[in-house]
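Only one structure is covered here, and it is reproduced in the block below.
Each chain gets a letter, A, B, C and D, in the order it is written, and its residues are counted from 1.
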Amino acid sequence: MRVGVLGARGKVGAEVCRAVEAAPDTELVASIDAGDDVEELARSGAQVVVDFTHPDVVMDNLRFCIEHGIHAVVGTTGFDQGRLDQLEEWLAEAPGVGVLIAPNFSIGAILMMRFAAEAAPFFESVEVVELHHPDKADAPSGTARRTAELIAAARREAGSAPMPDATSTGLDGARGADVDGVRVHGLRVRGLVAHQEVVLGMPGETLTIRHDSLDRVSFTPGVMLAVREIFTREGLTVGLDSLLDLD
Amino acid sequence: MRVGVLGARGKVGAEVCRAVEAAPDTELVASIDAGDDVEELARSGAQVVVDFTHPDVVMDNLRFCIEHGIHAVVGTTGFDQGRLDQLEEWLAEAPGVGVLIAPNFSIGAILMMRFAAEAAPFFESVEVVELHHPDKADAPSGTARRTAELIAAARREAGSAPMPDATSTGLDGARGADVDGVRVHGLRVRGLVAHQEVVLGMPGETLTIRHDSLDRVSFTPGVMLAVREIFTREGLTVGLDSLLDLD
Amino acid sequence: MRVGVLGARGKVGAEVCRAVEAAPDTELVASIDAGDDVEELARSGAQVVVDFTHPDVVMDNLRFCIEHGIHAVVGTTGFDQGRLDQLEEWLAEAPGVGVLIAPNFSIGAILMMRFAAEAAPFFESVEVVELHHPDKADAPSGTARRTAELIAAARREAGSAPMPDATSTGLDGARGADVDGVRVHGLRVRGLVAHQEVVLGMPGETLTIRHDSLDRVSFTPGVMLAVREIFTREGLTVGLDSLLDLD
Amino acid sequence: MRVGVLGARGKVGAEVCRAVEAAPDTELVASIDAGDDVEELARSGAQVVVDFTHPDVVMDNLRFCIEHGIHAVVGTTGFDQGRLDQLEEWLAEAPGVGVLIAPNFSIGAILMMRFAAEAAPFFESVEVVELHHPDKADAPSGTARRTAELIAAARREAGSAPMPDATSTGLDGARGADVDGVRVHGLRVRGLVAHQEVVLGMPGETLTIRHDSLDRVSFTPGVMLAVREIFTREGLTVGLDSLLDLD
């Protein structure tokens, strides 16, 4: 597969370039960044493009790719419904072309969220603990909030009872934040990168699902999976989830 | 639901009796043990029977149940193919009756195995660690062996590469036991009950699925789930898995 | 050693009786509970008494023991400074007699607290997570608060800087409770017993100290240690710590 | 403090240079590597030198430092008894000069080993699990072997009983490697860096001490601690342990 990378000199893009070059079934044919000519993508014969650029330029990049029949795998942020509608419109006129937009390319994080939501209705209690480096600005993390929302939705659908909690005295904050009825706790500890644990319990047993992200390169297996799968996914796909075939 | 318990004075059976009495939608109508008259099951109007008895008597118990149109949830061990075939034959003549045979009623353990097998093909490395009290006779545990076999099967089906391992020097046993190419490690530590961890890794991230069984009562939620679901499962069902509706 | 137990028919006392009977170097000579005659302790020749009774009766019990030259190991709660002063006074007139008052006989919990406090000044960040069954009334747990206070005191003494935390947006409670500048998080999950984790971090590495209490019997090794050591500890000792000889 | 670095262009040395420059109380006055003139150390007025070079050159470096009254903190490997004796001899003629040789500058790893050894005699069972990336050549890791040896020594000294283990059937390797009677298990999983867990257990409770090394920079706090403390340690010191004042 002939692969082009947009945003090739950014930290993330550079890792993608390395992964594309290292894999036996992909070839890096174009490395483009700000100031370079995007026409190079077409000239190089790229079949699929990976875009980790900026919200300001990503739509122009995608229009170019779609018009030239090049698939796109996109990690750039900032997609609202208006942008997704616009992409659908462009893709409608480009049969056979696939675009994947994903906010998170960590396969481990996606599996953690999916398993937590699947298991949640079988247990009486479910809580989420996220652990990050202390330079992070938000608490809880976006992934933890999303996980709690998925757990809450799964329990609502299954008609699960509210979780038991006899706490009557204590200190403010001890029981964490409440996200849709799911307690979420955030630790900030120097040395950590990005970690999350979902603890589920019923009488006599607990199930713990933990994801540890230890290095920036954790997104590359997800990007490479998408590069390989996008050839079979015509139209717009949102989220890496749908590429993970679980039964 | 009117529930009878066979083996009601054993440790496990006694817990089942307690759980049946405590639940709002089940009623304990018969508690039978060695020496009691099994006819009491029919007289009491039991709709479903839970059997935690002995391999020597379980087939007689089940013939009685099937003949009297009583569903059965069975945790007794010792079912080989011959016994399963016999049950199928009896059930063929008793339309509407359901029998569930399960070697393990821990919902947490079953989910751990299922999630481990589903996730395994996405990762480069997968290892299993089981931790038990030091009075246990076998190492690794049966659950750990079964988990490793399921992981190995999932990877074979997906065409996964062998796991990387550069170990060239060391001490015998340091890398654990090899079960179908999956490394399994067994700890024996006083104070522990029954615990298992599956560690999966790819570049930059790991996913850990851990099950802790802390008390004998951990099987009761699985038994109660089976009691409620067996009404809709005509014929023979093996394993609690199929009752856990995951998508 | 000839041992008597006060509160022998309570849950805790009964476990102590079992442990005293099981050990090769101790003999159970008196099992006393409400309604029994405490004089039996003297008649039986008890050398040391273990008291797990009630704040209302424990002082009378201890006066009796001290007057009769019997050592005491006490797990009953409710000791304020006035009671400790009273004990000191009585012991001053009973040379050779030792009394140990301890709020916690779990050796594991005591080591966890000690190690956490010793390590705390070497790290930039320290947080405490406690996990309990959901029937617990207070959050955070008393042990977690005590651990945080010990960590804070050790850091104050060492002149440690405040811990880094860039959190600027988020949800109330996400960062836990603040105990003397140490963040404490409390989970309440069905199936758990009593667990605590202290997470310490500095650039590139973390140290985690975790204590799991899985069964009521976890206090018996601490009680037995105290029974053996009290013979060499004349006067009043508060806390099991001082019996754990670490260097 | 005026600090020189030998091996300044190696991976480790470069991190040390960064840490020295970043700290408020240290100044980087000389960065020397192969080909540079070691006299620069003296000319720059360095008070302490950090040496991460090579066994072939480290003795010459240290003779130079000692002769010029410069303290040295050394992470270079290859020190046998002969080399240590030589250093003692040189230091005897240089009053006031201190040299610290340490095989491991990770404060977290050192505390893990110390706490494990201190706690070991109080528990019935102790096992070690180490987890590393799969490119590692030896199993178990050197740190895990050293930890097991320290645990075994502490138990021998305390007269601890052998650990309980009823294993009678199973697979080769399931119970790990035996190091002085302590079981050690090694996992090799892609995505991991260097991690170790010591699990200690007695009836009803367990204590787990875990060290996670997530990034190469984990040695810099230990190096900086040594740079600051070496001024008060005349003569030869082996191991970072003795600089960690625990009581």
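The rule is simple: a contact is a pair of C-beta atoms (placed from the backbone, for glycine too) under 8 Å apart; a residue touches a chain by one contact, two chains touch by 3 or more.
Protein identities per chain, from UniProt: A, B, C, D = 4-hydroxy-tetrahydrodipicolinate reductase.
Bear in mind the structure is a predicted one, so any value in this text is a computation, not a measurement.
K.L.:
Return the chains shared as contacts by subunit A and subunit B, ordered by label.
P.N.:
Common contact partners of subunit A and subunit B, which must touch each of the two, are C, D.
K.L.:
Select, from B-C and C-D, the pair of chains that is joined by more C-beta pairs in contact.
P.N.:
Pair with more contacting C-beta pairs, B-C versus C-D: C-D.
K.L.:
Using mean C-alpha positions as chain centres, tell me how far subunit A is from subunit C in Å, no decimals.
P.N.:
Centres of subunit A and subunit C (C-alpha means) sit 46 Å apart.
K.L.:
How many angstrom lie between the centres of subunit B and subunit C, each centre taken as the mean Cα position?
P.N.:
38
K.L.:
Give, as an integer number of Å, the spacing between the C-alpha centres of subunit D and subunit C.
P.N.:
Roughly 34 Å, centre to centre.
K.L.:
Identify all positions of subunit C at which a residue touches two or more other chains, and write them in rising order.
P.N.:
191-192, 200, 202-206, 212, 214-215, 218
K.L.:
Would you mind writing out the residues of subunit A in touch with subunit B in their complex?
P.N.:
Counting only subunit A, the residues touching subunit B are 106-109, 111-112, 115, 118-119, 122, 200, 202-221, 225, 244, 246-247.
K.L.:
What residues on subunit B touch subunit D, complex-wise?
P.N.:
123-127, 129, 131, 134-140, 163-179, 183-192, 199-206
K.L.:
Over in the complex, which subunit D residues touch subunit A? Could you list them?
P.N.:
Going by the criterion above, the answer is residues 191-193, 212, 214-215, 218.
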